[in-house]
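Next come two complexes, and both contain chain A; in the first it sits with chain B, in the second with chain C.
And now, the complex of A and B:
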């Protein structure tokens, strides 16, 4: 036992004295702490965006109520008033940003046709987005494996090539020695992972709930997969350079090629013409109504809202109830295309989730996004919540529109508050499939490595 | 004689690559990927372009088919424009995925362009995209490393370097030969993508592509890959063993192609954060509230405008004006709101340019970033193309709205204003929208830093090879002496 510990210490010393390893550790720790800090900033940015939506609404309401005569009909003021719909983000969202760079979770919507407002996006700089995002999840999923490869590709071959293999075999059994060398590397990588994760936990306010637990487990399993793969390849009799090329080639295939190829295939298999279709239809559906009788528009409206079908709208004067019913007609015209649009996106998401299970880094990354609720599924759930909010606003204001209520008779404090989208799925459902896939993949590469690497290294 | 020696070494290098089954396998893989990327990206770009053209035609038809309408009605009906991608978008889609696709032009407000590939993509997108440009810029360097990391070091390890020197080859000839040999293999890997791109662009199926743009792309990627060839041979000649040369080159690739671009983008975003969409919207609202509201005729801004008009036409009430006062209010209001929107938009774009400058500095460290930047500029898919579309669409919007306001002023009587309609023949008088892509020269002029980065990427390893030449001679002498 003592001898083994001494060997472990010696190996650790040898590892950390290498300039290459030292530089890599420093770089990884620096980037790790940076991304952890950035994660906290991301959360703050999301929070201040939600505040901006809320105060923007309050300021606008105050301005409108103070600048319009108190007898103005509510419908006129509602034309200008955009209600906030801020979706709070999970602490994990700072670390696994997913699609939050392009999507806003703090939409503001008016009582007008919703389909024209629902697809606003974040003020993203396309050039930065094209360069790629860097968060802690990407660092640990995409870059850390290269460090693992660098530490392990010559686990055995370096001893053999250096002529020390026969010597060290005198002191310990090869398998045990391999386990020892591996252990020291696992410790080093574990430290490189633990530091930024701990920093992130304090900066991003990460509490160790089920979601964070699954996230840590997935990162650990994914790291384990790369160790298994490296061990499988490195324990064979190939040269160091062959090992390095095989492992880096595998990294490129799993981390760059497979995701890029799957993304392209997904886009080709599931085209989304509905996005443009619904835009055209909503605009046409609303504006056509100006050239129709008011009764015709109202009939369509009453089909969707039978509870108001006893109200009447005069044919020869402008009324706000009719105006918003025309807007509703726009949404009605786009309804089919909009549903088809959501269906395609859900298909894309489901397809990506299924295929990702075959590619360990993808499985881990997509599962982290699901745990952080920053994936496409979460975005669609948010849009659904905004839809429901729009309906609640209509329910609240339509009686006022029909009654032509002046703004001073509306209870502005009683306006429905946005109810955020519930989390689409529990932590276990989000994390379990990927975790299983990672465990299976690890077993597979270990077994394949043992079989393919030819005679064992002893 | 010198050239012959160099060519002999080059042939020797190509021969040793041919014998290496890993490298041959990688070559096949890179070529296959390149072809798949060209075909896949072409297919995707073509179906996108077809969709946008189809809906654009539909919108134009709907515009002409409008019934008789009041001009202010049409101001709200507005117009929809779809961003056309540049012909070379199939080669390098640039920033297109992150820029909106459809933009609704209407009176009183500036909308943002919605939809786009990135909005419809899953979380996979962050690992990158499979496009001809990304195969060339990201994967080919790794292949060059695989083909050349052992070029000099293996000769040294086997003792054949001494042999070559003894046979009369100078260090310069050996290094030149290694560069030529590795470069030939790299060219072989890049050729299929180049040919496929040329065939598609030349066929005219994607739209007119100028020879200048094609030559520009060829030059950029040739220079970029040449830099990788030089760096690879340099590392191989400097490092004691092939193993450490390979490890060092892979580390360089990871840092330059994966880490620095993302880190640069992240830092740029942290140093100059953009206002969020919600914050931006609130700013626009605040600015608009300060000047007044064209829908509200009692607003102070419009009251002073009314007094000005009454004085100019020497009448006492707006009913007596020879022009339609409602149309005047709408036109002046539009001028004010457009200016405010444009100011806010300019702030936003300036914020983006500040971020871009930091990314350009990162491009000095990462030739990958500089190359991608130049590549999208030459392909016509860079941020300036997106901004040009936005600015041109806004100019079109403003022109459209003000023409309608002018019709309102001249053709519609003030009395009983809203009940009147303009005959539908007027709709055909409006110009249609077409994007004018920014010229190639302009796109490149703003990228001096990226061009400098690419030049340095070749110059620095060349200087390094000069040093390596002297060392190589010593290696030969030392070995011979020992």
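And now, the complex of A and C:
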């Protein structure tokens, strides 16, 4: 045991005295701690945004109620009033930002047509999507493998090329030496991973629940997969240069090319219209109503809300009940396309989940996003929750709209509060398929990697 | 062919029985018979390609034989890889070490690798000094060492291993006369400790000074064998040159 620890210490010394390794460790730790800090900041920002949305709503309501005469119809105030609908972030979202980079989970919705409001943010700053963001998951899934490759590509070949191989194998079996060198590298990589993950966990207030447990397991298995791959290649008889080229090529294939190819195939197989198209349909549906009789507009509304079909709307006078029914008509016009849009997005998500299992790093990334509830499924669930909230607001306010209730007669304290989307029940188990894929892939590369890359070292 | 007597029924420490090695069409070693007892220094002489390094590599188990046996303490290297390697130490022409470790750390590493992890740093530093390294050099990085200093670390590694037999492949090549002389003294010490030494060399003078027996090889065969106490330096050179001419 003492000899093993001594060997481990000396091998670690060998590693850490290399300038390149030192620079890489410092760089990775710096990026890791930065992304952990940034993840914590994002969660804080989401929480403050939720608080600000609620405060903003109260301030706006107070302002509107004090600015308008008390006899003003509620419909007029509701035209301006935006209701907060913040979805709380899981602490894990600080580790894997997923789609929260480009899609908000803190909408403020008005009683007007909903579809446009759901996607409005997408049309505001599409450049956000192009620029991307740096999160800890990206560091661990995409960048860390390069560090593992740099540490292990010449595990055996460096001994052979450096002339120490013959001396070394007189003292120990090659397998023992490999195990020793691998152990020191696992320790080093483990430390590089543990520091930012611990910082992220502490900043985000992460507790070790099922989701966090799976996330940690996935990170460990993904790291293990790259070690297995490197071991499979580096234990052959190829030169260091050949090993480096094979491993970097594999990294490019698994981290860049395969995900891009799958994404492209997914987009071709499951074409979806732009969200903007839904907004346009909704706007057209709404604007067409200006040229229709109010009765025609209301008939459509009553089809969806038969409970109010006994109400009448005068043709020659503007009423807020008609105006909101007109907005509803916009949503009706976009309803079919919206449902189809969501269906295709769900198909895309399912397809991506299944096929990503062939590309273990991608499977790990998607599983992390799912565990952090920052994936497409969570975004769609949030939108569904917003839809339900919009419906609850309608149910609450329509009686006041039909009755032309003045603002002082509305119970503003009784306005429904947004109920966040429930966490996906199966998401906690989302790590299982990806973990299985990683374990199988590790076994596969260990068994086949060396065979493909030449005879074993001896 | 002269063969050393085995003492008390013990097999020789190093023994070749009809040992052969063929690389494709080239017969690198052809039916070599050889036996080296504890306390013997056997020097293999011969031109490049004579089969000296091949012989050493076969004893070390680095290459498999095409025929015959390489035995260490009576155990066949081919079938007792670990047991035979445990009894052997090896110093190549160029001792290559880990450049970003010090001489002491290198020795510590190889000692631990060879199961001598219990040797303390002070004892290991003493071994390095015994091997001829200056005390103030033991903690310097190997990247700053000369070839002679690396050779001394190589010897220290062999000493720390406490091997029964030492295999040397042109160990004094490139060393200055003083370093070569120190090297010979060390070999002498190991010999007195009962270590069996097989040394491949081009250096006739060193072979005569250090060796107890000398074997001259050519085209993979041992063409003659002499006791170093039987001949002088000039005779050895004459015999060597005679065998180098067809």
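The definition used in the following text is that the second predicted complex is superposed on the first by the 434 of 458 C-alpha atoms of A that agree within 3 Å, B and C clash if a C-alpha of one lies under 4 Å from a C-alpha of the other, contacts with A are read in each partner's own complex, and residues count from 1 in each chain.
The rule we apply is simple: a contact is a pair of C-beta atoms (placed from the backbone, for glycine too) under 8 Å apart; a residue touches a chain by one contact, two chains touch by 3 or more.
Small disclaimer: the values here were computed from a predicted structure and weren't measured.
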> Is A:163 touching the first partner chain B, the second partner chain C, both, or neither of them?
Replying inline: second
> So which one touches more of the residues on chain A, chain B or chain C?
Replying inline: B
>> Looking at A:415 after the superposition, I want to know if it touches chain B, chain C, both of them or none. Which is it: first, second, both, neither?
In response: neither
> Should A:173 be classified as contacting the first partner (chain B), the second (chain C), both, or neither?
Replying inline: second
>> If we overlay the two complexes on their shared chain A, which of chain B and chain C does A:14 touch? Say first, second, both or neither.
In response: second
> After lining up the shared chain so the two structures overlap, which partner does A:29 touch, if you call chain B first and chain C second: first, second, both or neither?
Replying inline: neither
>> Per the contact definition in the header, classify A:65: touching chain B only (first), chain C only (second), both, or neither.
In response: neither
>> Contacts for A:3 in the overlay, against chain B (first) and chain C (second): which applies, first, second, both or neither?
In response: second
> Across the two complexes, what residues of chain A are contacted by chain B and by chain C?
Replying inline: none
> For the complex, which residues does chain A have touching chain C?
Replying inline: 2-4, 6-7, 10-11, 13-14, 17-18, 162-164, 166-173, 177, 180
> Mind pulling up the chain B residues that touch chain A in the complex?
Replying inline: 22, 26, 33, 36-37, 40-41, 43-44, 47, 51-52, 55, 58-59, 62, 67, 69, 73, 76-78, 80, 82, 94-102, 104, 112, 114-115, 117-130, 134, 138-139, 142, 146, 149-150, 242-243, 246-248, 250-251, 254, 258-259, 261-266, 268-270, 273-282, 285-286, 289, 293, 296, 348, 351-352, 355-356, 359, 369, 372, 376, 382-383, 386, 418
>> For a test of understanding, state which residues of chain C touch chain A in their complex under the given definition.
In response: 60, 62, 82, 85, 88-90, 92, 94-101, 105, 108-110, 112-118, 154, 157, 161
>> Residue numbers of chain A touching chain B in their complex, please.
In response: 20, 24, 27, 31, 34-35, 38, 41, 45, 48-50, 52-53, 55-56, 59-60, 63, 67-68, 80, 82, 84, 86, 98-99, 102-104, 106-108, 116, 119-134, 138, 142-143, 146, 150, 154, 161, 240-242, 244-246, 248-249, 252, 255-257, 259-268, 271-273, 275-277, 279-280, 283-284, 287, 290-291, 318, 344-345, 348-349, 352, 356, 361-362, 365-366, 369, 374-376
